[in-house]
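There are two complexes below, and they share chain A, which is joined by chain B in the first and by chain C in the second.
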Partner chain A sequence: MSIEVLEVLKKTFADPGRQVKEWKQDTGGKAIGFLLTEVPEELIHAAGFFPFGICGGRARLEQAEAHLQSWACSYVRKGLAMAINGELDFLDGIIVPLTCDSTRLLPGIWKHNKPLPYMDSYRLPKQVERPSAKKYLFKELERIKYNLSAYRGKEITDEELKQSIRLYNSNRGLLRKLYNIHEHNPEAISNKDLYTVLGASMVIEREKLNRYLSELVATLEEQTKPPAGKKKTKLYISGTFINPPEVLDYLDESGGTVVGDDLKNGYRYIQDDVEEAGISPLESLVNRQLKKKPFAGYDVPSAPRRYNLVKASQQKKAQGVLFLHLKYCEPENYDYYDNLQALEQAGIPSMRIETEFGDTSLGQLQTRIHAFMEMVGGESNV
Partner chain B sequence: MSEKKTFKTAARMKEIMQEYYAKGAAAKEKRIPVAWVTAIFPVELLYAAGIFPYYPENFGALASARKVADKLSRYAEAKGYAHDLCGYARCGIGDAYAEEHPVGEILKPDVTFCCNTQCGSLSKWFEVASRFYNVPYFLLDAPQILDQPEELATGYYVDQLKEMIAFLEEITGKPFDYDRLLEVLHLSNETCRLWNEILDTAAMKPAPFGFFDACFHMAPIVTMRGTREAVEYYQALKEEVDERIKEGKYAIPNERFKIYFDHIPLWPKLRWFSELFASHNSLVAVSQYTHSWAYSFDLERPLESLAENYTEEFVNRSFEHRLQLKMNFFRKYGVDGFVLFSNRSCKPTSLGLYDKRSVLSERTGLPGVVFDADMSDLRFFSEAQILARLEPFFEQLASSQ
Partner chain C sequence: MPVAGVDIGSLSTEVVILDKRAMLAAIIIPTGANSRLAAEKAMKMALEESGLSRDDLQYIVATGYGRVSAPFADKKVTEISCHGKGAFYLNPEVRTVIDIGGQDSKVIRLDSQGKVVDFVMNEKCAAGTGRFLEVMAHALEIDLEEMSRPAPPTVNVAHISSMCTVFAESEVVSLIAEGHPREEIIKGIIYSVVERTVSMARRVGVEEKLMMTGGVAKNTALREALGESLGFKVLVPDEPQAVGALGAALIAAEELEK
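Coming up: the complex of A and B.
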């Protein structure tokens, strides 16, 4: 089955810089990049800039080795390597969410080696349950809004922000629908295609994305017929990133289907909408951040991450959990043992795989995923 | 630091540290709550509330200095904690699971308090500990200072200090004693003043005191600032340093060069490094690390002042600001060269050092070098590799004069 818009989105994902460069040429506008995934992109969009999600590219990690130790995670090394490689030259600016020590140190190193006209950090609070967090975050978002406004030379109005929120909510809603279609009928859209669309959604003009997604979802909903063939093995993926994308091929070919995840370039990117009615749009952005599920960046004592993991896996009837961790990602590693214990107590099998952007042995990865699928599914199409 | 040069005060330190640990053990019996805290934390509030503060980082440094970090770490690694996490955290987590406790058992907390000015590793470690010991976790969140200090960050921190005080009142069942806080802050000011006066003597040429001495004498400034014992300790040490100046006793026999060192020392190799530098007539005079405890609290505005002091540490500042701080130290101490330790255990002090080395040399004309190792774990220590870095540096130093 070939759906035209799906092909367009696949092409976008394969060459992430293409659309933004065309857009800049057509409109004379500016592009602001961001590292995944907490950055309130709606603010970038409301200022009329092209929000560009940085998540892997062609540059080799060695291109960052004179600037970042090999034991910094490969996501930040890859980002810096891409910048040094000239692969991100279309960016006028960047916003880095300070979620961990590596992201906290990256902006200074980036600025030193590849300064951009607009550079900012998003200092999300690491405790979200006390009243101080809300008051602080409001001011922090005001600061970012002010900086973006100053860079544009015109204040971002509430109306502009509300419009961007509406568009983003709509895109997220459509992506969640797509996720849902995949969950219930994996034949309609494969693991690989689902996450390819998610990846593309971060590097495409968001108005265009909305049209493409509407068409894609409508087409898939029309086409939906009862799932054929063997029953798929349901998996939940926990960790940082879907990386490398071949992981999804290995799941597809071994009869696995992803029914949930907590990844930065996965469900965490589309999970939470921003309230549209009532309060000020900036306050809505604050509330969205504070109600987000805890992740490796911080835990929430009253609703710990490990219980969310068990609950989500059970709700989705996942037969196993695949931990997909980035090597040297300290926050994920600190959480791992307790996450594992919680899953074991709930009787959910799991496997942990460590990968790096641009440096993972694919053969071994394939073998391990196939073996795990066989173990949790009890049957395999391999 | 050779044996005959050991400070007399060192014996006193052993005593007061033993007394401190004994207090920790007794706290449990006396039903005084034991709180885990981080090194850069407004511990003054805990002392004022009558809670015993315990420093797991100090436990990690001790285990590292005794060369057992890898042993303890292996217990953590067996559970799936990676060997590239912070070495202190691996010691702490490892000890919780260990069957043997080569440096004594880590003190179990009744509550954990963390401030993330230093890093995100501590907050993750303390989250782990709070789950393991099943005790409450309280984070003082310190947003990075992007450029100049701003009300946004300090105001947030003050709000959190108030939340923390309410939490302390809940734990102790007593109203918070603000008068006692002022007394504690005064003692902290005194401790920090003395400590920094001692550190400053490293600028004399030759100097009676250097970085490796500071590493040896820093436990009380980290763990006991805010107490009378710490003030008395550094008074005694200051007197002894002053005596040495009068008697012409110096930190190394033949000081020719002064070196700046970033940041934390390699605890299990402290002696090896101090002898290596001394053999090249080089005194490691100064490090941002030992200068971290340079607080000065304004008793007229205690909470605001606590917030400023504890959020504005070097490690929470920008790339450029940290370069400026280093160059200030270079000038103040008349440094001839600098050595930067890229410490696998500590991303916030290490990431960026590769670029900073060349920037610092360009801006100051001083020779400098970066080497990689781990502050705790000898599995990441290669004497040959480090010497391959440091020997050319020493040659450069010698030829620069």
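Coming up: the complex of A and C.
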């Protein structure tokens, strides 16, 4: 089955810089990059800039080695390497969310090696349940809004921000629909295609995305027949990124289907909408951030991550949990033991795989994923 | 109804033919540069040994790293499931399987039904595998036979600090240059593999009985040191290299019965 818009989105994902470069040429506009996944993109969009999600590219990790230790995670090293080798030359600015030690170091090193006209950090609160968190975050978003306004030379209005929020909510809603279609009928859209669309949604003009997604969802809803053939083995994926994308091929070919995840380039990117009515749009952005489910960057004492992990896996009837961690990701390492214990107590089998952007032994990875599928599914057709 | 299991490993390829779960043939040959050719050749030899033709085989399961490109498989199953299946068939009391092959090491935990409940596998490099031992034997100018001879307890252990095959090789060369006796260096190499394997095994938890499979199980010194370190007796089947192919053949038989 070939759906035209799906092919367009696949092409976009395969060459992430193409759309933004075309857009800049056509409009003379500016592009602001961001590291995944907490950055309030709505603010970038409201200022009329092209928000570009940085998530891996062709640059070799070695190109960042003079500036970052090899034990900084490969996501951060890859981003810097891409900046250094010119792969991100279309960017006029960047916002880095400070979620761990490596991201905290990155903006300064980036600035030193590849200064951009607009460079900012997003200092999100770690203890989101403290009463001061809301007040703090409001000021922080006000600061980013002010800086973006200053870079544009004109203040971002509430109306502009509201419009961007509406568009983003609509995109997220459509992506969740797509996820839902996959969850209930993996034949309709494969693991690989689902995450390809998610990846493409971060590097495409968001108005275009909205049209494409509407068409894609409508087509799939129309075409979708009840699931046929062999029953798939349901998996929940926890960690940082779907990386390398081949992981999804290995799941597809061994009868596995992803029913939920908490990944930066997965469900975490689309799970929370921003309230559209009532309060000021900036306050809505604050509330969205504070109600987000915890991830390795911060925890919520009243509902810790492990609790969400077990609950989500059970609700989705996942037969196993695949941890996909980036090597040297300290926050994930800290969480892992607690997560593992919680899953063991709930009787949910899991396997942990550590990968790196740009350097993963694929044959090994394939064997481990197939073996895990044989273990939890009892059956595998490679 | 004869069935076959083919295990295409990085260093060796095995074929086992079963009929009503009785072994008709077991062939072990080096894989060489072309895993497809090795699989074809081992299959031909196994058919000759069993006096069967290809058409007699009702079902073929391929395993090992070369399974993906296996020429004649009805089904492909990972070596983890196959070693688990084979080891449990040989001894239903086995709960832990340690499989160290040419380029991979794995620890597999089984339940009382022989089902795989957990496993760990080494990551990308060949540290602590058959290839590691081969490289070290080469550096010491000895054969694998000598490497496998248990040293008396009186022999000291020359400490090898790196598990990286490349670094360990240069360490061995330095130890030779420093005049350390060969037996001490061999013992050091064996201990370094054992340490790594034990720490991997502890990650999934070790339960008796423990069976060692894969080519490295033929190294007597290593399996003795492993048993000593774990505090368990290490069972080793007659042909530890063929356990994966045996498991694959057993899965083939099950598929046929479905």
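Convention: the second predicted complex is superposed on the first by the 382 of 382 C-alpha atoms of A that agree within 3 Å, B and C clash if a C-alpha of one lies under 4 Å from a C-alpha of the other, contacts with A are read in each partner's own complex, and residues count from 1 in each chain.
By definition in this document, contacts are C-beta pairs under 8 Å (C-beta built on N, C-alpha and C of every residue); 3 or more make two chains touch, one makes a residue touch a chain.
If you're wondering where the values come from, they're calculated on a predicted model, not measured in any experiment.
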item: Chain A as common anchor, with chain B and chain C clashing or fitting; value: fit
item: Centroid geometry (CA): angle chain B/chain A/chain C, rounded to a multiple of 10 degrees; value: 80
item: Touching partner for A:Y336 - first (chain B), second (chain C), both, neither; value: first
item: Partner chain(s) touched by A:H112 [first = chain B, second = chain C, both, neither]; value: first
item: First (chain B), second (chain C), both or neither touched by A:H67; value: first
item: Partner chain in contact with A:Y298 - chain B first, chain C second, else both or neither; value: first
item: Touching partner for A:P349 - first (chain B), second (chain C), both, neither; value: second
item: First (chain B), second (chain C), both or neither touched by A:Q364; value: second
item: Touched partner set for A:S149, first chain B, second chain C, both or neither; value: neither
item: When both partners are placed on the shared chain, which of chain B and chain C touches more of chain A; value: B
item: Contacts of A:P125 with chain B and chain C, given as first, second, both or neither; value: first
item: Touched partner set for A:Y136, first chain B, second chain C, both or neither; value: first
item: Closest approach of chain C to chain B (Cα atoms, Å); value: 7
item: Chain B contact footprint on chain A (complex, rising order); value: 66-69, 71-72, 98, 100-102, 104-109, 111-113, 120-121, 123, 125-127, 130-133, 135-136, 139-140, 143, 296-299, 301, 304, 328, 330-331, 333-338, 340, 352
item: Residues of chain B that touch chain A when the two form their complex; value: 79-82, 84-86, 89, 116, 119-121, 123-125, 127-128, 130-131, 136-137, 139, 141, 143-144, 146, 152, 155-156, 159-160, 163, 318-320, 342, 344, 347-348, 350-352, 354-355, 359, 372
item: Of all residues in chain A, those that touch chain C in their complex; value: 349, 354, 360-361, 363-364, 366-368, 370-371, 374-375, 378, 380-382
item: Residues of chain C touching chain A in the complex; value: 65, 67-68, 75-81, 104, 115-119, 121, 123-124
